[in-house]
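Note that the chains are named A, B and C in the order they appear, and that numbering of residues resets to 1 at the start of each chain.
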Amino acid sequence: MADRSYTESHRPGDFQLADPHARAHVDHTYSNQSYWRDAYRQFTANKGAVIGLLVIVLITLFAIIGPMLSEHTYKSMNIKHKSLAPRIEGFENMPVFNGVANGIHSYKERKLEDVYYIFGTDTLGRDLWTRTWQGTRISLYIALIAVAIDMVIGMSYGLISGYFGGAVDNAMQRFIEILSGIPHLVIVTLLIVVLRPGLVTITLALMITGWIGMSRVARAQVLKLKEQEFVLASRTLGAGSMRIIFKDILPNIFGQIIIMSMFSIPSAIFTEAFLAFIGLGIPQPMASLGSLISESFKSMTIYPYMIVAPVVVLALLMLSFNLLADGLKDALDPKMKEM
Amino acid sequence: MLKRLVIAAATLLAILLVLFLMLELMPGSPFNDEKITDAQRALLNAKYGLDQPVLARFLHYVGAMLTGDFGVSYVIQKNMPISNMLAGRLPVSIQIGLQAVVLGTAIGLLLGIVAALRRGSFADSFTTFIAVIGVSFPSYVFALGLSYFLGSKYKLFPILYTTSKPLISTVLPTIALSMFTIATVARFARSEMVDVLASDYLLLSESKGVGRRRLIYVHALRNALIPIITVLAPLVVGLMTGSLVIEQIFSIPGIGSLLVTAIQVNDYNVILAVTFIYSVMFIAIMLIVDILYGIIDPRIRLAKGENHG
Amino acid sequence: MNEPVLSIRDLSISFKTSNGTVNAIRGVDLDLNKGETLAIVGESGSGKSVTVKAIMGILSGNQEIRSGTIQFRYNRDGEEVHQDLLQLSKKDMRRRINGKRIAMVFQDPMTSLNPTMAVGKQIMEGLIIHLKMSRPEAHERALELLRLVGIADPEKRMKSYPHQLSGGMRQRVVIAIMLACNPEVLICDEPTTALDVTVQAKILELIKNIQAKMQLSVIYITHDLGVVAKVADSVAVMYAGKIVERGTVNEIFYDPRHPYTCGLLSSMPDIVTETEKLYSIPGSPPNLLHEVKGDAFAPRNRYALNIDFQEEPPMFQISDTHYAATWLLHEQAPSMEMAASLKARIETARKEAGEWTESDSWR
């Protein structure tokens, strides 16, 4: 069945040896793809992650320029303008941003025909647009702090613990076990008792526990890498510990480090929002998204619009950071498990 | 196992030390009532052991805390023993916490497993959606939403907790509190299940002719579920923090709302007592998780008993 | 001629990947005769594993069978049954074929046993499902199987979990699981690659003994020609999703015709010839994402002809059992000298073997 006879005529020269130089070299059929280029391609193919990144960029822009666009500051009060519904010029006849809430046209009633507040005002007559973006700044600051803490404390701790091993590692790991045995909530509460509520306290709270996950990932990666040939080679050539850690190992675990730090952002923002809600966040008249939600929660049934802007921004921010972190994880190291 | 116990004990001791130091460094003494003379104060100090060296005081403190003697409240209810305050509040908090764990784990597992079995289907997208939403909104947003829509607008459930209806009035808080658990468990269960379904041993079971049902229920599920125990730690933390705001929103008389009040009015003893309770619960749960893991996973169970080559 | 137990005809399988469709198997014809051991040899990615996964009906979701048949001939209660396995549903495959008539041993014993189930239970499972045995019966049979695969103290091992066993022991357990229902065909997908060399030999020996005892037909998948020489009766060489040469083990080892087979043999280290440098085939296999024009091996072939780049070579018959797909066998093709080093090698090997006398026609 196999010896199908070929009847079609072959051209002369068909059975000549082919010119060796004319041959394509097969090694080139796989295009050369570096890790980062491949990761970039993976990432951009992930719609959710790209949208997440865009939303974060957009929110950041608004947080920077938003407060400047308004003539009000975050703390300027105008009792005459208190509890106004969202209203935008040109939207007067639209279903939203028309200045009507619960069937009451607050602007008309109070004869404020040419006054506009995009997100409305709070019960003290402060501009919610400015306050919302001001609050977003706090959340973004927290995000930055969380990444910095992860990078500086978590990464170094993990790298050192994993690289030196032995007694050092043992002691450092027992310390982590004890530290992670204390609920985060307890640490935050005690800090607040000692210090006053505020950004410093939140930053400190993050510094005490926020880096544990990262240090575990960094340690696990170092343990995996330090026995590999290229590290041994480097050591044989006389490289010092610091050089090996930062020049040989660090570049190879960078993917995981980025993923972990991205995952710590949402939980850090969460911590702040949660503290703010129970009244232990940023003190008045400063605003954070959490404290805005907390304030407007008290009057939610009467002025439901006050809570919308901060909740939407907070949710969008959290959602985007989660999507971004997921996308980065899929692109950089899909097999990685969160710790 | 012994190692775990030692770590747990060390953690507990560390917490007690921190709490004790805070108590020591706290401004003022419990007896700085102006009517008390210096002599009377010395007498009181002697009576409560406050004139003894630090170490003795610490040991005394540890003993008192471990036996449930948390002292008295100064601000919230003057001179009320804190253990009495806790006795009424702890069961409520635990009830809601347990309800949220059970509900959250059940729904989360269901979503995660169905999503893994039908990858790319509607159920899968829905699970991903829930998982992302659940970790993106703080639990108070859910609580506010639920109480606004199901509570005030449609009046399906009571907005506030009432002792007369301990079940129906905890429906909304339980759902709000369980969202984070649902999201975390669903996400984890899905990824574990996907891994297990692609494993060699499942392929081998398939090649030996095991039917699909048995493949999933006997072979895959057990292997996928064991690692889920590891996410219990962050879940418990999530529930504890969640309980603070949830109890606040639904005015539930639990220890979460007690802590918030105590912080707001600076009732140190109450703060320290509640944080101690939280710590003990957390440490105990972690210990139980470890033991449970050993029982469920034969790799750990047998590694302790016998040693094979 | 003995009618084959399994005969694959024109099997084509493609994968859908994010980069496009990969034509992993491109028209494979293969026969497995009763009681023989067939080795499928090839580099990784040549499609060996996919072919046998198609036989087992355990292709993954993104793998699609484009064409072909897999005829399986077996005896059911004294009656001969012909069945095209590709026509069976997954459910029917599991009920009637998998584990019962065709069984498969996987590459890595470290990952192919369920870590949370005692090995005894894993062996008994197939017996209870397929042979409807009661638990005590299955237990007895499992003990017997463990003894058969050479595990000491089977009573105790029944209760062990996979992580308590060494790699070699685990592979024995896998073999026991697979032999449980007396299958007709056993597929071994690189069963020894993940094991120590000393253990490898023992496992190979075990499979060989059991094959003789149980009259099994065995398909071996391997890239290790040493294993092939040890166990196989006939050999099929796969390259880029096609079978490029097949024949008896002697024909392939002593009279290779396809330049790829020659390349494989030349790159096999041995202790007899004192070559200064071990040969390696230049280049790497083609990317099957792209359409292959002509002979897939041509770009790596030192003896490539012009036609190799235009037209796919047909299977040329060399003897009753020996076929190769290379234009070099066409009557118009120039006669090629085999590389001197390989020729010398084969000569020595042949002398050593001493038994190979037929058709020493090397042109």
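Criterion: a contact is a pair of C-beta atoms (placed from the backbone, for glycine too) under 8 Å apart; a residue touches a chain by one contact, two chains touch by 3 or more.
The model shown is predicted, which means the values in this text are computed figures rather than measured ones.
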> If each chain is a node and each touching pair an edge, is that a line, ring, star, complete or other?
Replying inline: complete
>> Can you check which chain pair, B-C or A-C, has more C-beta pairs in contact?
In response: B-C
> Approximately how many whole Å separate the CA-defined centres of chain A and chain B?
Replying inline: 25
> Hey, how far is the Cα centre of chain B from the one of chain C, in Å?
Replying inline: 55
>> Centroid from C-alpha atoms only, then distance chain A to chain C, rounded to Å. What do you get?
In response: 50
> So in the complex, which bits of chain B are touching chain C?
Replying inline: 198-212, 214, 218-219, 222-223, 226, 297-299, 302, 308-309
> Inside the complex, what are the residues of chain C that reach chain A?
Replying inline: 18, 29, 282-287, 290, 298-300, 302-310, 314-317, 323, 327, 330, 332-334
> Which residues of chain A touch chain B in their complex?
Replying inline: 174, 177-178, 180-186, 189-190, 192-194, 266, 270, 273-274, 277-280, 290, 293, 297, 300-301, 304, 307, 311, 314-315, 318-319, 322-323, 326
> Can you list the residues on chain A that touch chain C in the complex?
Replying inline: 1-4, 6, 10, 13-18, 20, 23-27, 29-30, 45
>> For the complex, give me every residue of chain B touching chain A.
In response: 7-8, 10-11, 14-15, 18-19, 22, 25, 132-133, 135-138, 140-141, 144, 148, 152, 233, 236-237, 240-241, 244-245, 248-249, 259-260, 263-264, 266, 268, 271, 275, 278-279, 282-283, 286
